[in-house]
Each structure stands twice: as C-alpha cells, then as structure tokens.
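Structure record follows, encoded as structure tokens.
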C-alpha cells in the first residue's frame, strides 16, 4: 500500500462521521484531490476483493468503515455479549440512587433522579441487581426496593458498608485543591 | 554566612529550577520537586551518596538549606516538607545518642527513612518506564464509537445520552454557580429564537460540541434555554446526542431523517 | 484470507473494547481456541507488515484496532484535537504507586509519595484509570483503590503482569547511578 493509502485508511477508521473528500483534502494539505480519490478507491478495492471482514462504504457523501453483511449474525452476537456485561449510565444512576437511599420506592428514585425511572428499574430487576423487599405503608402501598447480593458481587464488595459514603464521594469529587494530576 | 552546602550542577539546574531571578541571584523553586522525598533523592544523588548509608547530618543541612531558600510553596506542601525535616532532625539526634554497643542493622535510626526512600525511588523509576508506554499509546487512536451495522440504522445512544446530558448539566450548573457570584443581567431570549439558532448551527456545522456551545453563552438563563432546546430536539428525535464518557463533552447532531424538517419546526 | 480470519477481523473491528479469546470463542461456537488464535495472529501479522494505516494491538487481555503512531498528526487534525495531554508527574506517580501496591488506600499512596495525593487520585478516578474496590478492615475503614481495565488500555498493557518488573526498575536505577558517576 502507498503512504497515502495508509494515511487515508487511518483517517477513515478513526472518524465517526463519514469522511468526505473535502475533509481529507483539508487534513492532507497540498495533496491533490485526484490523488486522494485514487488512494481511497485503491484502498476500498483492496478490502472488497479477497474476502475481508470489513470494507469501506460510501455514505453521507463520504466514506467509512463497516463490517461486511456476511458477518452480521456473529457481529450482533458479540455486541449482545458485550452489552450484557455492561450497565447503561441510566441504569448505573438508578442503581446508585437505590444503593444510597435504600429502602426506596420507584417514585422516590424518580424524584432523586428527576426522571421517570420505571424502565431503568425494570432492567435492574431483570439483571437481579435490585430486589423487591415489600411495600411501603403509604398511599397506594408502593413497592419498596433494595439492592441485591448480586449487586455486591457485581461491584466486588463484601457488604453495603463498603460503599463510599456520600461525604467521601463529595470529598473526592469536590476537592477544591488544584487537581494536580 | 558559610558557603551553601550544595551546588546545583548545570544540567539539573536547568531541569529543576527554571526561574532565575533578575537581580537577586538564583531562586530555587521547591515546586519543581514532587515532594520532600523527591527533594531528598535529588540531594542524595547530587552528593553521590549510598542511599543505604546516608550521612544524616550533611543531608539534613542540605535539606534545611533548601527549605530556607524556598520562594514559593503553599501551606499544605510546606507541612509535608517540614514533616520530613523534623524526621531528619529526629534521626540525627538519635544518631548522636551515646550507645554502649554498636547498633544492629535493624536498629539503625535511619532505617525508617531509607525504606521510604528506596520505595519511592522505585516508584519514580517505574514512572519513567510507564511514561514511555504512555507516550507510545497516546499516538495510537482507538475507536470509541460503534461503527454502523448493516441494516441496523443509527446506533441508539439517545436514551443513554439524555441522562448523561442531565448529569453533565448538573455538574455544569454546580460549576457555574461556584464561578458566578457576580450578578449577570441576561438579555431576554425566547425558546423559539434559541431553537432556530441551534438548528441553524447544527445544519451548518453538522455536529456541535455542546459543552462549548453551552459555555459560550453570556447568561445562565440563555444557557439554560439552549440546554432545554437540545433536550427537546433529542426528545422529538430530530437530533441525537452522545457523550462517550462522564465529564467529557457531548456531541450533538441532527438525525439524517430530520435534516429536511427540523428547520421548519 | 481465510473465512475465519475475515470473521475475526469483523468482530475485533466492531468491538469498542479489547476482544478476548473467550469472547471470540463464545461467538464462534465450536471453533477451537487454537484455530481462533492462529487466525488472529495471521490477521495481526497482515496488518503489521507492508505498512498499513491501522493495526491490531493487544491490550487488557484482548485485541483491538488502533491507528498506527505514524499517523497521529493527521488523525488529530481530522478530529480537531490538540495533542493529547499526558498525565502530570504527580498523576503518573500516584498511578504507579497504585499499580504496584494495589490494593491500596489513599493514605498509603500519600505515604509512598510523601505528599498528599487526594487531588491526583481524584483526577485518576475521573479518567477512570483507577477504581474503588471496597474498604480496608482498618481504623476508619478507608476506601481501597485498584487500577482499572482502562488503565491497561491506556498504557497498552495486556495485564498487570506486564508492568515493568523489579529487574527493569533496578536497571533504570543502575543507569541513573552510572550517569551520575
């Protein structure tokens, strides 16, 4: 591959948005558009032939890398596995609210977060990170939630006492000293 | 006044003490040392002393000499430097005590300091190696987004982003509140006007850095309105927003299918 | 390239985090680990030779794609990012102390460095290079810190075993001594 092809390969790889010819020209000051185009074409052809896992596709007036449709099934399976091992920020936030305020009801969690947390709560229940421990003696007798044993396992903690206290978190996050790192 | 007990070799001089005073000779900046242990190691190296057999009186003199020549350290750091100074003086006094028999190695009063210095020296040496690794990695760019899946449409970070957005907003508000004790007189801004401005900007720039956009506003009120505009655009699925990491910026862009219609709303 | 290589290429490409052999095995049900490993090796070798813009790097126990160092300048220009900042000396020192002595508390780190490390620790937490893993059974039950998976990725380490060894550190110290003499 030519130097220009390498460079174009790195640039298309790293960009989230399709990379247009104009963008490439702006980055590669002084390289004629025709040369860039030829490099992209050669690069794209290289990925197209000889069966590869990824290729360069044309989208939104530019180019970007994508996996080939042939591998769709496996790609989705991998992403599902990855997703399963991760909690969304919303889930994490809801979990944090429950962890620090337990026992709590759904509407208390929603109030803390300022957003309806029914969906996130459902996900946490499905993942068994929280559990229902009864009902609150209040109008409507809402369900009361607590974190589960799996929750501790997930965080690698022995007990809830090991959660950083609110003061500790505040101290860490609001350290006024010029952050010297 | 006797000669200073130490001299800084030229190479170290440049690296360690960059601020040379205009007329009043040479100013030592204690700030260039990571801490008292760093300073001690520097003094030990300069004297080419075996770290396991430190002539404690001489090193204490050098160390105190350095503290006296300090130009700028804050109180917190000063305490840390003074603590080690006190330790040095304590060890020196222990060494001077008459003893009936020679000390066994484990009883050497310097031991407590030497152990710390050896440990710290290792950490510092490891830093040099880790820095090389950091420098090599920093030049290699990894992708931090999901590439398009065939037939999969846009990745759906929207719900996720809304919460991240709120969280960053909270942090921003806090920071802003802390920064602005002065009163700000804002000009009146309507939601409609702001929305139009935001959509126009998105169409023009393709993608905006929300924090940058947010910070650019003169008044808190205007910034607030722009925030709600973004929320509204995301909620109505005209725009997408994404934050890859907590405390990082949020990128906002118009959804492809909305690029034609958003302006007319 | 073989079919397996193509598939592996697509899978490593699509993931946002290092893809481990175990994960590839989970996706490619029934394919022997040795075959997968050979495919990854062949794929990685292909990217390494003949000058390419991207390559497969090993970090955090898995593989992932990254641009090659030679293209840093153009990549930054494309992404409109200034030179990436390194950790400050205080940050790096704190990180090294944690990496080598983990699990550790804040005061243990501060003792090693001889200076208060709260600010540096906060920055490392924000950068997700370290994480809180619980509490120490000691007076005051202080929080305990460890390095994170991000830390491995940040320094390009496959695992903590790849941290510079005692021997390497001793060699650095010898070199310093020699330089002084």
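The first chain written gets the first letter, and so on, giving A, B and C; residue counts start at 1 in each chain.
Everything that follows uses one rule, which is that a contact is a pair of C-beta atoms (placed from the backbone, for glycine too) under 8 Å apart; a residue touches a chain by one contact, two chains touch by 3 or more.
Bear in mind the structure is a predicted one, so any value in this text is a computation, not a measurement.
For the criterion of most C-beta pairs in contact, the winning chain pair is A-C.
The chain with its CA mean position farthest from that of chain B is A. Per-chain CA centroids place chain A at a distance of 25 Å from chain B. Annotation: 19 Å between the Cα-based centres of chain A and chain C.
Each of residues 10, 13-14, 65, 67-68, 75, 79, 177 in chain A touches at least two other chains.
Contacts with at least two other chains are made by residues 76, 141, 143, 145-147, 149, 246 of chain B.
In the complex of the two chains, the chain B residues touching chain A come out as 76, 141, 143, 145-151, 159-160, 162-164, 166-167, 206-207, 246, 253, 256.
Every residue of chain C that touches chain A in the complex is listed here, in rising order: 1, 3, 5-11, 13-17, 19, 23, 26-28, 50-54, 65, 67-68, 70-71, 74-75, 77-79, 87-88, 90-91, 94, 118-125, 132-135, 141, 143.
Residues 10, 13-14, 16-17, 57, 59-60, 64-69, 72, 75-76, 79, 88-90, 93, 113-115, 177 of chain A are the ones that touch chain B when the two sit in their complex.
Residues 13-14, 16, 57, 64-69, 72, 75, 79, 84, 86-87, 89-90, 92-93, 95-97, 99-100, 111-116, 126, 128, 153-157, 163-164, 166, 168-169, 172-173, 176, 180-181 of chain C are the ones that touch chain B when the two sit in their complex. Contacts from chain B toward chain C in the complex involve residues 34-38, 45, 48, 76-77, 80, 84, 116, 119-131, 133-147, 149, 245-247.
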